[in-house]
Each structure stands twice: as C-alpha cells, then as structure tokens.
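Both of the next two complexes hold chain A, though its partner changes from chain B to chain C.
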Partner chain A sequence: MSQSDKINTPQTVTKTTGRVIRPVAVSRARQNSFARRTFFGFTLLPVFLILIVTIALLVRSWPILNAYPLSDLLFGDVWKPTDGQFGFRPFILGTFWVTVVGVVLSVPPCLLASIYLAEYAHARLRSIAKPVLDLLAAIPPVVYGVWGLLAIVPFVDKVLAPLSDRWLGSVSIFAVNQPTGFGILAAGLVLAVMIAPLIISVMYEIFSTVPNDLRHASLAVGATQWQTIRNIVLPQVAPGILAAIVLGASRALGETIAVLMVVGNIPQIPTSIFDSAYPLPALIANNYGEMMSIPLYDAALLSAALVLLVVILIFNILSIIILQRMMRQKWAS
Partner chain B sequence: MDAHIQVKNLNVYYGKQQALKDVNIEIPKNQITVIMGPSGCGKTTLLKTFNRFLELSDGTQLTGEVLVDGQNIYGREVDVTEVRKVVGLLAQRPSPLPMSIYDNVAYGMHIHKMKKDRKEYKDAVRHYLEIAGLWEEVHKRLHDPATSLSIGQQQRLCLARGLAVEPVIILGDEPTSALDPISSQNIESRLLDLKQQYTTVIVTHTLRQAKRLADYVIYMYLGEVIEAAPAHEVFTNPQHERTKQYLEGLF
Partner chain C sequence: MGFLMKKHWQRRHLMEAFMKFIMRVSLVIVAGALGLILWIVIVRGLPALSWAMVTKIPEGGYYMGKGGGILNAILGSLYLASGGTLLAMIFSVPIAMYLKTYLGDSKWGHYVRLSLDVLWGIPSIVYGAFGFTLMIALGMRASLLAGIVILALIELPIMTRAMDEVIRRMPVDLEHAALALGSTKFEVALRVVTRQMLPGITTAILLGLGRGIGDAASVLFTAGYTDRIPTSLMRPTASLPLAVFFQLGSPYPEVQQRGYAAALILTIIVLVVSLGSRWLSARLNKYTIK
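After this line comes the complex of A and B, so read on.
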C-alpha cells in the first residue's frame, strides 16, 4: 500500500522520466553487446574449425597431390610407400565394403524398430527404449572393438564362415578365402550395432514429422495400422529414411578403432565379405607417426584423411538438408 | 424411437481424470443428432467412442457398452477396422491424404478391396464425388494432388472418402469449424441431404448450426449427459436449468 503510494508521487516520476540515457545504462548495454559478440564468436568456432582442418589437410597433402595425378592415387592398386607407390584403391574399397555391409545389416532392423517405436509402442515403452538406445550410443568404440574381438570374430570364424562356405560358397562375395574371422563381415557386424542408435533415433524423429491427422484419416476409413503405415506414413517419410541411412553411413565411414580391431588390416582389394580389408581410418590411425622419413608418406596419409573428410562432409550436408526440409514441413503443418 | 446407437453405462477416463460419467443414451436412426455443450464437456470424447478412436491416445480407459445395430463395438470378437468402416468420421480439420483427388476417394475402397476392376473404382469415385457435391468442380483434374483444393473442397473430399467405404453412420467432429461460411453451408446441406440414408452424429460449438441441423439433441455438461431429446423439445422447452442457460447464451 505504502509502496504504491511512493511510486505515484510526482517526485519519483520526474526521476525516471526525461533521462533516457543514464551512464549505468550505457555500460550495461556495452556489456550486453560484448557478451553477445563473444558468444557469437564461440558459436562460429566450429565453422572455422571445419575450414581450418580442411585447409590444413589440403596444404599438408599438397606435395603428393602435386607429385602424382589424383587418379593414380585414388585408383592405384599398389600401396608400397618405400617404393613410392601410393595407391589408395584397396583402402577406399575397404572403407566402402565395411560401410556398405554395416549399413545393409543395420538398416532393416533399425527401420522395423523405429516403426514400432514411433507407430505402435505405448508412451511408457518409448520412455524406456529411448534412454536404452542413448546408452548404446554412449558405449566407447574401443569397447565395441573388444566385444568384436572376443565375440564377433570367433562367431564369424566358427559359425558364419562354415555356414556360408557350405551354402553360399559358390557366390564370390560370400566365399571364404581367408578363414580367420577377421574381416569385412566382422567389422560390418560391429558397425551395424554401433550406428543403430543413431539411425533409429533419426528415423524416429522422421516418423514424428508425419501429422497425426493423416494417420487418423486413414484409420477412420477402417485401414489397419499397418495399412496406414505402408500407404500413408512410409511414402511421406521416404526421403527422411534415406537421410537417416546416409547419416548412419557417414558415421560408419569414419569409425576407426572398433573397425581396425576386427577388420584384419590387410591392404588388398576385397572380393568377399569374409576377406580382410584395410579401411582408410585404420590406415591413418595405424601408420601416422611411424616411418615418417619415407618421402611423401606424411602427405599420402593426410590426403587419405582429406578424402575421408570430404566424403563424410558431403554425406552429412546432404542428409542435413533433407532432414531440415522435413522438419520445416512439420512446423508448417 | 428406432435407436441406431445405444450407449450403456459408459465411463471414460483419461488417466485418473474422468471424462465421461455414466452416459446412457440412444441415437435415432437416419436422423441428425447434434451433441452440444460448452468446451471440455466431453462432446468429442463421446463422439470418439462411436468409432473407437479414443483408443488411439495413450492412457484412456473405457467401461460400459456402445451398441451399433445391437452389437457392442467394444466386444472381444469385434474387429476395430470393421467398426470404422461402418462408422465414418468427418474430422474437424479437413485432412486430405497426400495423394491425388481420385486416390483419396478410392483409398478406403482399395483398403477393403471393395471393387473388382478399374472401371468399378472409377464409377464409384465419380458416384461419391457427386454425392459430396464436388464432381462438377474436380472432374477435369481428378489426378491433381488433393492439397491443391480449397479447404472447403477438401472437406467435401473427405466426406466423399468417408462415404466411399459404405458406412451406415457418419460422425462429424465440428466438421465446419475450419471452414468459411459458404463452405460450411455447403457441408451442412450435404449432411441434410444424406440424413435419409445415414445416421448422422455431429458435435458442434455453434448453437445456430445445431438449430439448423438437429433432429435430436444431446446436451452435455462436465462429462455428463444433461438432456437428450428430440430437437424441437429441447429448443422450445428444455427440461433442465443448465440446458436453458446454455440456450440463452448464459455461458
């Protein structure tokens, strides 16, 4: 009561009006704009980092890009740095095989799981499943590598390889040429599990962009849930599913430690999923810092890193563009 | 009264909150029944129990019976998709499926494999677009996306889509609330035309619409049915104080 009286007295009114600019206000505004600029700078940092890393890799790999035509590097079959032969083809193909096997193994179960979570599951199950998936994503890659060594490699060696040899041996991509268990299939299995949480959570988000009105419109004429998913939901989310797969693939492309522990690391052109391979990240991780006296070796490894970076950037940018477009539709509707 | 839908001892809960309290009503055949009442009184909840849409949201519980033609649609042996085929729904906002105008109407018929060949589908699509009063406007662009229609046309398309699976009951959840006056009038006259063949149940917010459409009125308040009687009785001589107040616009 007494306070409101005070505010209404003419004295206080004249105190606050007529003085738009006070010294205190100026300094507060300055602090604010300083804070804003600082935060902005730190927000921009990642963008600069990507640029700096790319440029640094380009500069450091320049000697070898200068010495050999790009096609010789990318498509050369022979990797003998001591003889000055730097063919990346075995490594690029190794990366490709491991990634494709990982994605092919991972996508079907992930798609089914995300459909279940997004379309069928009750809220309670969802609230349990999502943290568990996040937990799966939090397991360190080296642990996945150890698991691969102890469980997957023997499993491939003792179970899958004999089975494949017996039933599919005549198909060249399933032929067992190097019966050790270490190889593309083992790496693909480990990768499939590692990228699953990412793929499932992105796919789940994608499904949630479909407005419920559409589902209800379909259910209202007596469609089953599965008919609604197949006819209405899946066609709507197809591009997003693709984006989720590409995102998973880019994660698989870059995975290093878990893969190099189980893939065998033999620089050869793989012809079967049971062959050993030597993907690019493993090449870089295994060799950088050793034998650096060999001419151009450093530049060769860094150009491998550059290739990897560029491919992963392209994959990521593509999928982000698709996903953002879908999210925008979600908010627009 | 020739009851088409009978509701017996119906209670609905959202979690712990009770949304419908011991509802017992009968809905007459081949008439328009209008469910009225203030916001949050359970109108839409009651409507959604008729096509089992309530179970689409998590945490709803239901006790009691809803009988359509004497059969409890919540019975164990009942196939929910059959219920929804028999009881069509016109939603609050028109929701054309992301496909062509033609495919929207044919959608439900395909789902239930109701026709034998392309020609039968074509004829049926035309038939239901005519009933919905949309044929003249769209027959030259049947294969355009349904979203290219105006919002009023979209709602008539949804009506055609619903009728195409040959329901016997049409539910309308404030079916004109998103539409402009002329489109609303258009939908209303469709519903009046159709009431000879279909039992229609409409939820509405607007008293004037209720007066224009209703043969039978259900007035609800806080999850309870306060009054259910033929329209002329309710509008001229409401039995309950609450109904009277509502009709006089007191709340």
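After this line comes the complex of A and C, so read on.
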C-alpha cells in the first residue's frame, strides 16, 4: 500500500501475514474528500495570486495616487522625481510605440508562416517547425538583447536609417532625428522576433480548430487552396487571430531587458520610429536602485508597474477568453 | 465563355502560387531569425570564452578587465532556477492532478485554467515589482530566497499548464476503468494519472528550469547581485542574465567581450535544457497508454 493510506487511516490498517489489508470503504471515501479539499486549496493560489499582485501594487503606489490626480500622472509630460514631478506620458507613449512597431512587424510574417504550417506544410516540416519555435521561445530575453545590440542596432543605424532618410525623410514618423541606431525601430525589430513564436503557435492552434469538412467542401466545388483559406478558413478563425495578436502585444508591452538594451532610454515624446524612447518596464528596471532615496519615487515606479499590469490583464483576459472558447468548440466537436 | 473561364483559372492559380511563395518566405524569415541569433551569439561569444570564465568568481578589478570569471552567476542562476522549479513543482503537480481528476471541464476548472493563462502573461518585471513590495512588507532584503519565491510564482502557470496539456490527452477509458473497479478519484489521481503524467512532469520541470535561468527582470529586484557564491538562502545572489546585462553596460571592451561569452554560456544552458526536455519526454512517452 502507498504511504498516504497508512498515514491517513492508521486505525483501519491491520496486519495479516506481513501484508497490509486495504482500508475499509468509509475511510477511503474520507481520504478522498480530504484530498479533494486539499487540492482545492492549491487551486486557490493561481486564482487569487492575480488579485494579490494587483492589491499589493495598489497599496504601495497609493501614496502617489493620493498626492496627484491620476490624469496628471498619466498625461503629465515632465519626469523629475527630485522636484516631485511624475509625468508618465513620455514612458506610456514609448511603451505604446515600441509595442505597435513590434506587433506590426511581427504579425504579417507570423500569420503567413502559421497559415503555411497549418494548411500546406507536410508532417515532416511541421515536426521540424515545432522544436524550432520552442527554441525561439526558450531563448532568454537578455540574449535577444545581446543580439539586438550586436546586429539590429548597427543594422538600423547603417542600413535602415540612411535608406529611410533618403526615401521617406519627409514623412515625420520615418524621419531620422537621432542617428544612433538605438530607438523604437530597433526595439520593435527585437520584439517582433521575440513574440513571433508565441503568435505563430497560437495561430497554428487556432487554424486546427476549423473542421476539415469545411475545407473539403470548398475544395470539392473547385476552389483553390488559397481561395479556401481566404473564404472559408480565415473568416472562421478571425476572432482567434485577433486574440493571438493581442496576446503578442501584451507580451511585447511587458518586455523589459531586451527592450531596455536597444531602445536608447531617453524620456521624450517620440515623433519618429528612429527616435529613442523610454518604455515603462525599462523605467522601472533602470531606477529600482535609487527609488528608496527620493520621496514618492518608489510609489511612482510601483504605480508604473500597476499601470502596466492593468493594461496587460485586460489584454490577456480578453484574448484568452476568446481563445479558450474556440478551443472548447474544437474539443466539443 | 471558354476564354473567360480559362483566364479566371489562370489568375487564381497564379494567386495560389504567389501566396504559397510569400508564406514560404515568411517561414524562412522566422527560422532565419533564430539562426541569426544563434550565429551572432556564438561568433561574438566564442572568442572570449575561457576556462576561467566558468570556473572562477570575479577577482578584484574584474569589471575593469582584470581576471576572474562568472562562476558566481552560473551557480547563482542554477540555485535560483532549481529552487524556483522545486517550489513551483510542489504546487503545480497537485493543481494539474486536481484539474484532471476532479474538475475536468467544470466551471471552476475553467476559472483555474483562465487564471493560470492570465498569470502566464504577466511580465516578469511586474512579478519583480510585486516581490519588492513583499520584501518591504516582510522587512527582507534582496536574497536567494526572495528570488526563488518570485521565480516559483513565474514558473507555476507555465509548469501547471504544460502538465495539464499532456494529461488532458489521457484516454478517458483509463479513468473509467479505474473508477469502475471501485477506486476513489484520489486513487485514480495517485496511481493512474501520475504515471500518465510523467512525460508532462519532466517537460514541465525543464520548461520551468529554462524560464528560471533566463529570467532577468524579476531577479533584478529580488535576488540582487553579488560577486560571491551564495552560502545561505538569506544572502543575495548573482544570476547569469544580469551578469550579461551588467558586463555589457561596462565601458571596457574586455568586459563587454566577457558579457558576450556569458550570453553564449546562458544560451548553451537554455538550449541543452530545451532539447533535453524534448528528448526526455519523447522517451518517457513510450511508457504511457495512449
């Protein structure tokens, strides 16, 4: 008998010829309900952890939320903690730009690659693609940062910036004002690669929820495979695709170290994708060391974390609910 | 009419070929990015890699180009990741079992899975900030223990969901057979599900380890950084990602070089863990009933 039986039901265990007899049914039922309650207790942890994290951050950032109106914090332009000025606008805009550039660069190739993997690829290619994606997902952020520093920043500086300056210089969001290579575009490129494995694998899963009968019906009336995908498959999975993109965006929003290494970290309102920016996670990570020495500084940084958390929670919950619903339809069918 | 039909036929097939082509290009771009990352890290990291890097702790003046290595960070990361994974295991195995045997597709099971997925998406910098608030509340300083606890929270959803996905594929018949013989659900969980879950557990452990070794933003707040090898749970500890990060921030080229080498070491460890998990779970999958 296993050990747990002995521990839980010592009074019912009797020994005959050195062998432990099975405990009677009643105590096994009791053991079962004890286990059920213990296990249930464990599941409270993930459910309440989200609440606990939010409340803890809220409590620690309360001093600054109390001292300044929320609109001053979120839309204030000036960040001077030593003067008691805490405007998050440059950082929020920095986060926004970096995320948008990353997602815009990442989604088209990811969508196409996942369609190919789901609809065209042979089993052999799929079995290679899966480990490659897993590897991409397993590479630590700091290594992406090193790659960004060594490859992407020089590439932006030497290749993309001169090209853009020559052909698109008159369009303000492509203007090269700070030719260093560090900036939103470099961070966006690094993020695009970082979120690709997540987006591709979620999209791939989503494509597999479409019943094959639909594809066969379309192909049987003479549609080409691409026509089938465009007219039958894509409309079916559109909400899931959107959810995958939002999930990717929320991953990009919170990325810290890799972005921090290539984005330039200048608190300004960016006007071009070649500008430096200073996203919220980078702000938190760069200043944690001195935050106890200036009044309200720690509350300000933790409220930055809170803002980040709230936005990401909203993004995540929406997209995950959509995805879970689609996956459940698949299980049901 | 025949002419029109022919033209139509050509255009859509051209489209088909074109779409197929750009899809293949996209796939090559994504795969190429992985190759490029590995290539850059190897090419730049290899020249600075030396035996001293992995066997010595930083000596005086290390951050100005003098001798020493990053054994403190390598060991620190291993301590952090294994501690975090062990702690996360204690919670994730029962949760995954409970999800399978007791909850199935019930409402509460749905909420638990939802919250695990949401937790998965919370960035490590937020966990780090949360850990920091906990440490203030408890009057703790940056320590190995704090790092382990926060890493365990980060790894918990990853590991639980990995096990959940594997165990979901267990045939219902197995469970029904055990129940029909009079087992309680707990006995099903303990004797049937555990064995079927074995490949899932190993995958989860290695996923957790990989994530724990690579995570930087959370340990920045909670584990701190030191040049010594930690001797107690209450001491701060170095970690590999931060070793890479700090050395790259140095103005000395020799130190930056060693940062690249540290990135290579980190990449090798993570790749070994990732490939090892595939190999191991494929092996263990042979011993489960499908």
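Going forward, the second predicted complex is superposed on the first by the 302 of 333 C-alpha atoms of A that agree within 3 Å, B and C clash if a C-alpha of one lies under 4 Å from a C-alpha of the other, contacts with A are read in each partner's own complex, and residues count from 1 in each chain.
Throughout what follows, a contact is a pair of C-beta atoms (placed from the backbone, for glycine too) under 8 Å apart; a residue touches a chain by one contact, two chains touch by 3 or more.
Note that the structure is a prediction, hence the values are computed from the model and not measured.
Student: Please work out whether A:131 is in contact with chain B alone, chain C alone, both, or neither, and reply first, second, both or neither.
Tutor: second
Student: Looking at the overlay, what does A:227 touch: chain B (first), chain C (second), both, or neither?
Tutor: Both: A:227 reaches chain B and chain C.
Student: Touching A:176 in the superposition: chain B (first), chain C (second), both, neither?
Tutor: neither
Student: Tell me which partner A:307 touches in the superposition: chain B (first), chain C (second), both or neither.
Tutor: In the superposition, A:307 touches no partner, neither chain B nor chain C.
Student: May I ask you to name which of chain B and chain C touches more residues of chain A?
Tutor: Per-residue touch count on chain A favours C.
Student: Contact-wise, after the overlay, does A:36 reach chain B, chain C, both or neither (first, second, both, neither)?
Tutor: second
Student: Considering only touches as defined above, state whether A:316 meets chain B (first), chain C (second), both or neither.
Tutor: After superposition on chain A, A:316 lies in contact with chain C alone.
Student: Quick check for you: in the superposed arrangement, does A:196 touch first (chain B), second (chain C), both or neither?
Tutor: second
Student: Where on chain A do the contacts from chain B and from chain C line up?
Tutor: 224, 227
Student: Mind pulling up the chain B residues that touch chain A in the complex?
Tutor: Residues in contact with chain A: 51, 53, 56, 58-59, 81-85, 88-89, 91, 93, 95-98, 107-108, 111-112, 158, 161-162, 164-165.
Student: Over in the complex, which chain C residues touch chain A? Could you list them?
Tutor: It is residues 12-13, 15-16, 19-20, 22-27, 29-31, 33-34, 36-37, 40-41, 44, 91, 94-95, 97-99, 102-103, 105, 108, 110-119, 121-130, 132-134, 136-137, 153, 156-157, 160, 184-187, 189-191, 210, 213-217, 220-221, 241-242, 244-245, 248, 259-260, 263, 266-267, 270-271, 273-275, 278 of chain C that touch chain A.
Student: For the complex, give me every residue of chain A touching chain C.
Tutor: Against chain C, chain A makes touches at 2, 4, 28-29, 31-32, 35-36, 38-40, 42-43, 45-47, 49-50, 53, 56-57, 59-60, 108-110, 112-113, 115-117, 120, 129, 131-132, 134-136, 138-147, 149-151, 193, 196, 200, 224-227, 247, 250-251, 253-257, 261, 281, 284-285, 288, 301-302, 305, 308-309, 312-313, 315-317, 320-321, 324, 328, 331.
Student: Could you please specify the touching residues of chain A with respect to chain B in the complex?
Tutor: 122-124, 211, 213-214, 216-224, 227, 231-232, 235-236
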